[in-house]
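By written order: A, B, C and D. Residues from 1 in each chain.
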Amino acid sequence: MLKTEELQINIGPQHPSTHGVFRMLVTVDGETVTDLKPVFGYLHRNHEQIAEVNTYLQNMPYTDRLDYFNAMANNHAYAMAVEKLVGIEVPERAEYIRVLMVELTRILNHAGALGFLINDMGAWQTQLAFGMREREKILDLFESVSGARLMCNYFRFGGVARDLTADFMPRLKDLLVAMPAFIDEMERLLRENEILLQRSEGIGILPKDLALAYSVTGPVLRGSGVAYDIRRAEPYSIYDRLDFDVPVGSVGDVYDRILVRIEEMRQSKRIIEQVIAQLPDAQGGHINPKARQNVRPPVGDVYARVETPKGELGFYLVSDGSSRPYRYKVRAPSFINLTPLGDMCRGYKVADMVVILGSIDIVMGEVDR
Amino acid sequence: MTTETQHGSVIVMDRRRGKLRAGQGLLQGLRVVWDHWAGSFRKNDNFSKIHGTFTVEYPEERLPMPQAYRNMPVLLFDDESGHELCTGCYQCQRICPPQVIHITQAKDPVTGKMVPAATEFIIEYDACMSCGFCAEVCPFDSIKMDHVYELSTANRAALTMRKAQLNRSISYYTGIAPGLWAEVQAGAMKKLQGSIKRRPDVIGLAASLTEKIKARRLELAAAAAAAPAAAAVSAPAAPAAPAAKLTPEEKAAKLAAMKAANANKGAAPAPAEAPVALSPADAKAAKLAAIKAANANKGAAPAPAEAPVALSPADAKAAKLAAIKAANAAKQAEAAPVSVETAVATAPLDAKAARLAAIKAANAAKLAAEQGNNE
Amino acid sequence: MQDVVNQVINTSFGWGWPSWAIALIGYLIVAALLFGIAPFQMLFLTLYERRAIARMQDRIGPNRVGPEGMFQPLADGVKIFTKEDIVPTAADQWVHFIAPCVVVAPTMFMFAVLPWGPGMVPVDMNLGLLFFFAISSVSAVGLMMAGWASSNKFALVGAMRAVAQMVSYEIPAVLSLLAIVLVTGSLSIVELINYQGGLFISTRDVASVPDWGLGWFIFSPVGFLAFIAFFIAALAEGERTPFDIPEADSEIVAGYMTEYSGMKFGLFYLAQYVLNFLLCAITSIIFFGGWQGPGVGWLYAQAITPVNPQGGWVFNVLAGVLGVFYFLTKTYGFFFVMVWIRGAYARLRIDQLMDFGWKFLIPLTLVNIFSAAIWVGLTKWGAADGLAFVEGWSPLVRWAAAFGVTLALNLGAYLFLARIFAQSQDERARQDDDVLEQLTNVA
Amino acid sequence: MALILLRRPYGWEPMDLLIQIIFGLLAALIIGAAMMVVTVRNVIHAALWLIASFFAVAALYLTLEAEFIAIVQVLVYVGAISILILFAIMLTRSSEGERLLTKHWWAAALISLGLFGAVLLPTLIGHTWNIPLPTGPVDAPETLSGVEDIGRGFVNEFVIHFEVAGILLTVALIGAIVIAFEERSRRRHVLTLSEEHILRQRQQATAERVSAVADAAD
């Protein structure tokens, strides 16, 4: 009788489908994955130690480099942490601008993430190209306000670096005209497509309570059916004034994550429209960035978290009263969401493993720090 | 099932179970792609469209840069006065996260006091993370973010930018970011006038503007000529003192050039004496020159290499020219020692001027050297 | 071709050369032409694909080398020629070296039976269709050699996948052609094309029907279903998306080509694109009448042929030009469809691919053969074949009856199989009790 | 395919020479490949040489104008069977390298030679060597390779053989399927995360029910 034996394959560190420099030590039985060990650290940049020798403001550009896909959200989390620590009031208009940027970030992240996921399934980059087109438009907006497309070091303690430029709003309104068409198109490409259904339905199921046990967050958790969104669970900025729905999945497979991401883009667009409506009569302006160059927070520690597109991003800061953080800890969503990968891939095919990794939507810059 | 909360609700995504999937989804996908193919022969120019090509064919066509775009920091100087806005206040050096800014503040050569200007200003472009903090914190709006993004080079050392390479004129910056400059213009110019008042000599002038520096020197010379008595008594009258010490040096510059030019003709000491004689410095100077002429034979060989460089304008080309002249002069040193050393003799009228000459020589040599390895 | 050479040498020059020499010369010329055309055309197929798919992605595509990127493929060719040829030390040198040739040679053989225009076929084998697919199955050996010789896990897995895919998708391809062969009653490709003359399907021989060259099989339910099945199988044979699993870059880096570089890799590439072209060509020949089209038949009737030696050679040229134009238009149209599908879809998983081939396509093609038999019976047979009741019907009625019956049969079969297949596919998604029961038994 | 290329109804003499050459080449290839099959050390190489000889045999059939047989040879032997052989060799880790040669190999050689001669001698003896070459146009060779003939033969006079062969193949197919199913059932099913989770839940539920029943009993 034919005797089969298990085979060990190294997927990565240099492999087309591991996002960034990531390595999976896979044990396969035929085509079925029996064991998977994620190996990372290839992109370690000593982020937290560097942050402890920098002053508080100097860390802001470093947070851009955490999850380079959505720098604005990282800025938001860090700024919130320092403001909590020092006790800085943020003017209303600045809050609105922040929420605007963060929601734009959510849209561009999901557009890119869906595109990359479909690429992992083997599509020839069409969906990715469509997502990147919208992403480029949003990045143009970021560039016009913050001066950079990706590393937009835009948030400051108690506000933002620069007020919206004159041509920002008209361009944003144009963008919102195109947005529903784009999202519907993505849905038409992804939702009904039989091939994609075969590749995504019932693949990488993460049951509800296991998802909670793994403490995953973001679309992965919501895809598993837990309606947990920090914007709703503990509204931090002005999210308590904005209406938006929290989409959740029912099964917890790759398909649910796709659907949740598509719906979250819709909700972000909804939030942006409300912000545009409420922005003109918001009190206070953005702050002068030169005001708080070197903050000296009182002794103490603080943990601030936001809902980035990838999940809960938290900053834990300990201050010894000096102008530099005594301890600086990042709770990175990609890193925590990556922990169940090995278990999620078990029992599926090698091709599914790639798709599951893509559906978690990691950025190695954030995983390795 | 949807559970209502205060704002919005929780929606469970509908998986569209149980409907027959017989390829209609595939046809939908084909339809979408076809629409894009058909629409791709127009250009997608504005944000409200999702069809049409949105490629920007880079080298030929470029996207317009927003004013706020920040790539690499540069230093501004004022066009008409030629003065740099930077005062060497170390703010940017302190805030810079990767710590790539290195400043040397200018000192008054006479009094040795700090002067609101930077003699050297180094930014390591290769390590700069272009966060823009330096531009934000600069109280004199001297450091701004440039829009040039084609900086790739094979020579990494060439990315360590010195002051001469960082200098940009305000008109250049208003060209790329008019709005941002308009916000800060008034305050910046006021502060600039303030710091110009406290800048002696050519300190703080953009090194590339040779004619401005010459003009400045000439006007300083005129000022010195206006007060000869003050100069004669070498009492340290603050404003006049540098002027008085500078004028002979100014003249000797021309002299050295002339000398070096026709040194091989073995010029007689007679023309050499003449300018010294008609220099505003009084008889003391002539006597001094004679004494120097007597015992300068031994110092002749090293001296010429030093002298013309010291007297040349700080501008790099002139420095190289001076270096060449110096070489020629050194060749002629044996042939006609007298002619050369007279050129030297006139220069160091006193110790301070000599030190100043030495400093200038050092800067000029540095400039010449790095001009050399930049080309 | 021999006719032309014979014309030139013996008639116009008057040298009385023996016909075998003429035949030899003719075939040598044809072979030289084909071997010259195939790689060159493959180069431009790559450009065509890249430009088209770029358009689908709102991009422009390679447009720098030459006017509109015309010389981009040549630049790629130069690059691939000048690349270093790396052979792994653990590889089996000889097999590693021979494998690309074994993959390329069959695709070149397949040109031998490909008709380009009226009377423009290198070899009119009366088993052309069978020859075509028999030869195409040889390249599987080459893939196997490549995967095994480069002693690389990814390469071996890729080769296994490629071979399994090719072998199992040849079955639906041949079965779907069998339906067509039933209707025509011949395996000769030329005969197949001639059959598609006339105004609509299987009306070439009916008098008083003008020969517009529109009797394509695609217009009959049998032909349509066969076309769908065959084109899907062709995608799998040519390793195109969504069946490009052998070189699924997201799983096994480049499949059996992983350890190949330089011109050896280029040969694999060439074989793949030439095979794609050939599959598009055979699709257009079998289901879309090849060079058949309005006007060609009439022109060819006036031309010099063994049938009427006294014709105008001008008509030869005109018919040839028009026929080749029709043929190439259809072929490149199908290649565009391949590119289109590649631009739209993701990739299937290997087991899903096998399920699709064995559980969906093969039953469908079997049903199609049955309805082809019905078509033949209702349109062709009579009392002599034991189908007396159709004797009385007029040809139109018979044709309509055949059309209706086969349409109903194929449509019903398609819907039924689609439902069954969809249900069998997503059993893992809804974790049913029966699935879990058997799992409990396992655990 | 040489003969089809050059088939012409007249002028045969140069053709004969050509065909002789082609036949010689093909025969040399067949014999050489067959020799390599039995002599080469590496099993995979042996299989590849076998494929080469299959292919040459197909070409030989073509020179005999038996197109159908030739194509079927390529389709079945080169296309399918050799692939199966390769699969089998690759999937079963065969002990490569050492040559399996008994020390009575000469006996084996003798016996095989004897059998070969026994087959060949009668034909060599009873064969008349000078057949008059066909002169004038030969008839069209469709009859030689008629698909229709073969098809009709299958369903008319050879129907029994055809059916028997079909039944045999079907039985083989079923046997393969049975073996495969057995294999699959023996392979351990790797539980996915969700399956494992649901099973654990069920076990807990049953355990609780049992304990509840037990409590009710007391």
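Basically, contacts are C-beta pairs under 8 Å (C-beta built on N, C-alpha and C of every residue); 3 or more make two chains touch, one makes a residue touch a chain.
Here the structure is a predicted model, which means the values were calculated and not measured.
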*Looking only at C-beta pairs in contact, point me to the busier pair out of A-D and B-C.*
B-C
*Just give me the whole-number Å value for how far the CA centre of subunit A lies from that of subunit D.*
56
*Centre to centre, by mean C-alpha position, how many angstrom separate subunit B and subunit C?*
69
_Distance between subunit C and subunit D based on Cα centroids, please, to the nearest Å._
25
_How many angstrom lie between the centres of subunit A and subunit C, each centre taken as the mean Cα position?_
46
_Where in subunit D do residues touch at least two different other chains?_
189, 191, 194-195, 198
*Which residues does subunit B have that touch at least 2 chains other than itself?*
21, 23, 26, 29, 32-33, 36, 44, 54
_Sequence positions of subunit A contacting 2 or more other chains_ = 126, 130, 133, 189, 193-197, 201, 205, 251, 255
*Treating touching as the only link between chains, describe the layout with one word: line, ring, star, complete or other.*
other
*asked:* Please list each pair of chains that are touching.
replied: A-B, A-C, A-D, B-C, C-D
*Mind pulling up the subunit B residues that touch subunit C in the complex?*
17, 20-23, 26, 29-30, 32-34, 36-37, 40-41, 44, 51-55, 57
*Along subunit C, where are the residues that touch subunit B in the complex?*
52, 55-60, 340-341, 343-345, 414-415, 418-419, 422, 430
*If you look only at subunit D, which of its residues touch subunit A in the complex?*
91-92, 179, 182-183, 186-187, 189-195, 197-198
_Touching residues (chain side subunit A, partner subunit B) in the complex_ = 54-55, 57-62, 126, 130, 133-134, 136-137, 140, 143-148, 151, 153, 161-162, 165, 171, 174-175, 177-178, 181-182, 185, 188-189, 191-197, 201, 225, 227, 232, 240-251, 255-256, 259-260, 263, 267, 289-290, 293
*Once bound in the complex, which stretches of subunit C touch subunit D?*
18-21, 23-24, 27, 92, 95, 112, 123, 125-127, 130-131, 133-135, 137-138, 140-141, 144-145, 148, 156, 160, 163, 167, 170, 187, 431, 436, 439-440, 442-443
